[in-house]
Amino acid sequence: MFEPQIMSFLCKWCTSAAADLAGTSRLHYAPNPVNLRVMCSSRVDPQHILYAFKEGADGVFIGGCHPGDCHYVEGNYKTLRRVTLFKRMLDDLGIDSRRLRLEWISAAEGKKYAQVMDEFTEQIRGLGPLQLNENALMKEEEKDE
Amino acid sequence: MKVHYYPGCTLKEKTTALDVSTREAMKCLDIELVEPEGWTCCGAEYPLTEEKIVGLAAPLRVLRQVREENGDFVITTCSFCYAVLKRANKAIKDDPLKHKRVNAYLRDDIKINALTKEKTTGFEDYNGEVRVLHLLEYLRDHVGYQKIRSRLKRPFGGLPVAAYYGCRLLRPAKDMDLGEPDDPRLFEEFLEAVGATPVDYPFKQECCGSYLSVSLPDAATEASYRVLRSARSNGAAAITVTCPLCFYNMDRRQDKIKEAFLDFPGLPVLFFTQILAWALGVEKTVLGLNQHAVPADDLFRDAPAPEVTL
Amino acid sequence: MKGQKKTKRIGVFVCHCGVNIAGVVDVEKVAKTLTDYPGVAFSTNYIYVCSDPGQQMIIDTIKEKKLDGIIVAACSPTLHEKTFQEAARLAGLNPYQIEIANIREQDSWVHVDKDKATKKAVKIIKAHVEKAVRNESLEPIKVEVHRRALVIGGGISGIQAALDIADHGYEVLLVEKNPSIGGKMIQLSETFPTLDCSQCIMTPKMVEASRHPRIKLLTYHEVESVSGFVGNFKVRIKKKPRYVDAVLCNLCAECEKVCPQIVPDEFNMGLSFRKAIYMPFPQAVPGTYTLDAEHCLGLNPVRCGKCKDVCEKKAISYEMQETIFEEEVGAIVVATGYDLYSMQALGEYGGEKIPDVINGLEFERILSASGPTAGIIRRPSDGKVPKSVVFVQCSGSRDTEKHNPYCSKICCMYTAKHAMLYKHRVPDGQAIVFYIDVRTGGKAFDEFYQRTIEEDKVLYIRGKVSKIFKDGDKVVVWGVDTLTGKKVEVEADMVVLAMAMVKAEGVGDLLRKLKIQTDIHGWLAEAHPKLRPVESLNAGFYLAGCAHGPKDIPEAVAQASAAAAKVGDLFAQKELSHEPTVVPVDEDKCSGCAICITMCPYQARTLDTERGVVVVNEILCEGCGACAAACPSGAAQQRNQTDDQIFSMVTAMMKG
């Protein structure tokens, strides 16, 4: 069975804490997502997302605080703006924008985190592996320093 | 200059004084009032109830006719007609569902040419293009008080007159857009322009009883009494209205008011267009003063204004 | 583009955490796999790394193997990051070279498939190794603190905050724009629920503030501008010319007698008059006269001069000028207070045109023994003692259509107080209160309100007032009694409106100068509505009193003391220490596009227009990284979470 690779960017104050809570609650979910903890979801650059797809991610997940709750006041609004626009670009680039998911998960929502991870994993499994045009990707050696 | 004018049904039946004095006054300002052909009743308040969509067809048909006759706007004097026409316009502009439904009816109207008996049908959608103006705002914004003042033949001698807006003219403020309901100036400025002295009193927008005249006459009597009493006790020699229903309640039923409230000496009720017409030089006989239950002739004199005893 | 990897020696310590991790993840295999990973000089597994022997093992290994970075693969960093940073420090390693890989909460505890969990653990740890080889050693950012505070506003909140900070041992500048401190509280007659005489409880505090050796009282001064940052503010303060020497003035009042100019008295809410040279109220602090240049006949040239002629002490000088001087402070407490919503906005209540319809502060002055009517309740129009008074709560508050949507909090209590005091002084009078709700949440508040109804027989009617107008001698109030469903009409002698509390007039300009945030109503925004109520998000600014939102005196005093305590926290530090994982600017790459500036909620970034690059005040930067993600050239990189580090972590997590 196809096992999707999922790159997960979680904000320290909310979603990463929710993931920790899912752990302390011993909730079980798919092992596909691998988490990179950032201070704020607004740290995530569209470059990082594209890079993840290039490096083998079939799906990319970003978890941030609910609007109004951002530890850094408005970071999540910036994330929302970026992701909204970027999804359009993804479609234009030939990457199904459903492979990128932005979700607001608060530190208290451990259960929601586990559910979303399972849901997203299944959704990506359904979409199948991301087929990037290998020829379009530059080879390692041809990249400039 | 010809300008579209919507009189409303009451002006043609019960209160022709308002209609006639309006026409005569406007003639003095070189304006000929033209009624849109085949106009019907605006529907009074009923078209504005939330659930009624078809009812909007009545007022909007009138406005569409104005558009068909190449008019940009239509003037009206009756507060109710003004409110209904203006708010019907807003209703279809704000709500796409109403716009769609009402136009479905309006589109299928059949128009018969009076002369040729030719039938036309399939009108274009009406989108609220025709503006609805109250005569008071038309006088202020389009004619201008300067022009009125320059045409005055008989300045009103500073007679203290209470301007009565009634409930309809200014509210709801967002829809009617004629000024701040708590501190209006529209009617007062008009009175100053024709040489009368506006009287300030707290009941200028309190209800006169309106249609309760028919269903709960005692309530209407008391409501009108309170308005008249307030105007009088603040020094008014007359009260002036724009609405034929207000006129009916306060003038035609003043005998009932005096019966119920013995201390009330009475107060003449005038249409503002009668004041305007007189001031612009129209003959007294044309003003329709014979329709008044409370005699108002004395107010229209070439001599200085009569003493007012409170 | 991958950055240059330093040849670092990273140590990997995989924790069993008993069976918590080892029961699912094959920790031995993981440790073994990492041994060969580029950058890893040492890799082992251990049963409980957080234990004392575990930590000692790490310290010893760092020293032995000369490690310059370590990964502790264990539980969530929220638990033991500090523990291991401390251990590393003891081993001589910079705390920012520690990485915690979460393979418990986010791996072993949530997955059942041991094989997959183990593979995931490897990926996670490899990613942290990639980060670790690129980590820089960092030192917390240290900044000096000027242990001196500025308090803006001399009402009860400002005075309380100033007294507390000064009692801590620090110097305080208390700036007040009016000639005297006292704010609104000094205008009140009695305060609920104790009916304490307001001036009696406040004047001792005012005097204490003026006499305190560490408080510099700057009345008739205004803040012109503030620059700098927490611990290091430079404030420019404007001293307005009083034309009277506050020290020489002996309050003989001869000047007042001869002054020809009559001005409505602001202290008495316009209900009486004062002269152009005046003392706002008898207990004013400082005790001196002030010449109001705006209402004086003329100072330049001098048109009258009578006051100067009669001044024995030669305290009056028409040559005084406005001066501006600069001060350095470390913390700023904003206590600028409130104003009442204008009655002009309530056209349906007369729009301020009816003389006998007054607001709460005017009624306070009427009640006050030192007020315009010497404490006898008289109505403004003709001085008659009103026999029927209507009190209207929620005037301009709780109104989502036209006025203010919020509740002004104090009106229910002060209306009960007003009605009670009225009945005490006019026992045969009738007091009616129109209310929507009666909110009496404080200590002894509800009992006070019940007394008003039961003992003082004040009539409470639940319903909004729709119209107030004058009818002859009376003021007519139209309301409704919703509990019976009937219209109520009252012919009153006087009406007191509980007008909404709004932001202080003119405060918007000041707040713009301070660059601190307010909410949509103009109230100061706190850092967190629940947990940080007395600080602004702007470091170094603290909030006290009604400037933050409607509140009563006990709350204002509590908040002022809390703000002072926070200032004390700040000043107690030898120097300010700030997390160094901020986002500096690589000036070689910065094009001065200034996009990052718009991203920052802390105003930490500014554009140096001369050099065309962005400059970061690291002490203000909170390290969220929003600017780094937005920077088109990559000039803005977060320390120890650079794009390069993120890319390399992603590769490890996807391909590892």
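Annotations
Order as written gives the chain letters A, B and C; numbering starts at 1 within each chain.
Going forward, a contact is a pair of C-beta atoms (placed from the backbone, for glycine too) under 8 Å apart; a residue touches a chain by one contact, two chains touch by 3 or more.
Just so we're clear, the structure is a prediction, and the values are computed from it rather than from any experiment.
Chain pairs B-C and A-C differ in how many C-beta pairs are in contact, and the one with more is A-C. When you average the Cα atoms of each chain and compare centres, the chain farthest from chain B turns out to be A.
We define each chain's centre as the mean of its Cα atoms; on that basis chain A and chain B are separated by 65 Å.
Centres computed as Cα averages put chain B at a distance of 55 Å from chain C. Mean C-alpha positions place chain A and chain C at a centre distance of 36 Å.
Annotation for chain B: no residues touch two or more other chains. The set of chain A residues touching two or more other chains is empty. Those residues of chain C whose C-beta lies close enough to touch chain A in the complex are 1, 76-78, 102, 104-107, 109-113, 116-117, 120, 123-124, 127, 537, 581, 599, 601, 622-626, 628-630, 638, 641, 643, 646-647, 649-651, 653-655. If you check the complex, the residues on chain C that touch chain B are 347-348, 351, 467, 469-472, 476. Within the complex, the chain B residues that touch chain C are 180-183, 202, 230, 233.
Chain A makes touch with chain C in their complex at residues 5, 7, 17, 19-20, 22-24, 26-31, 34-40, 42-45, 47-48, 51-52, 55-57, 71-75, 78, 82, 114, 143-145.
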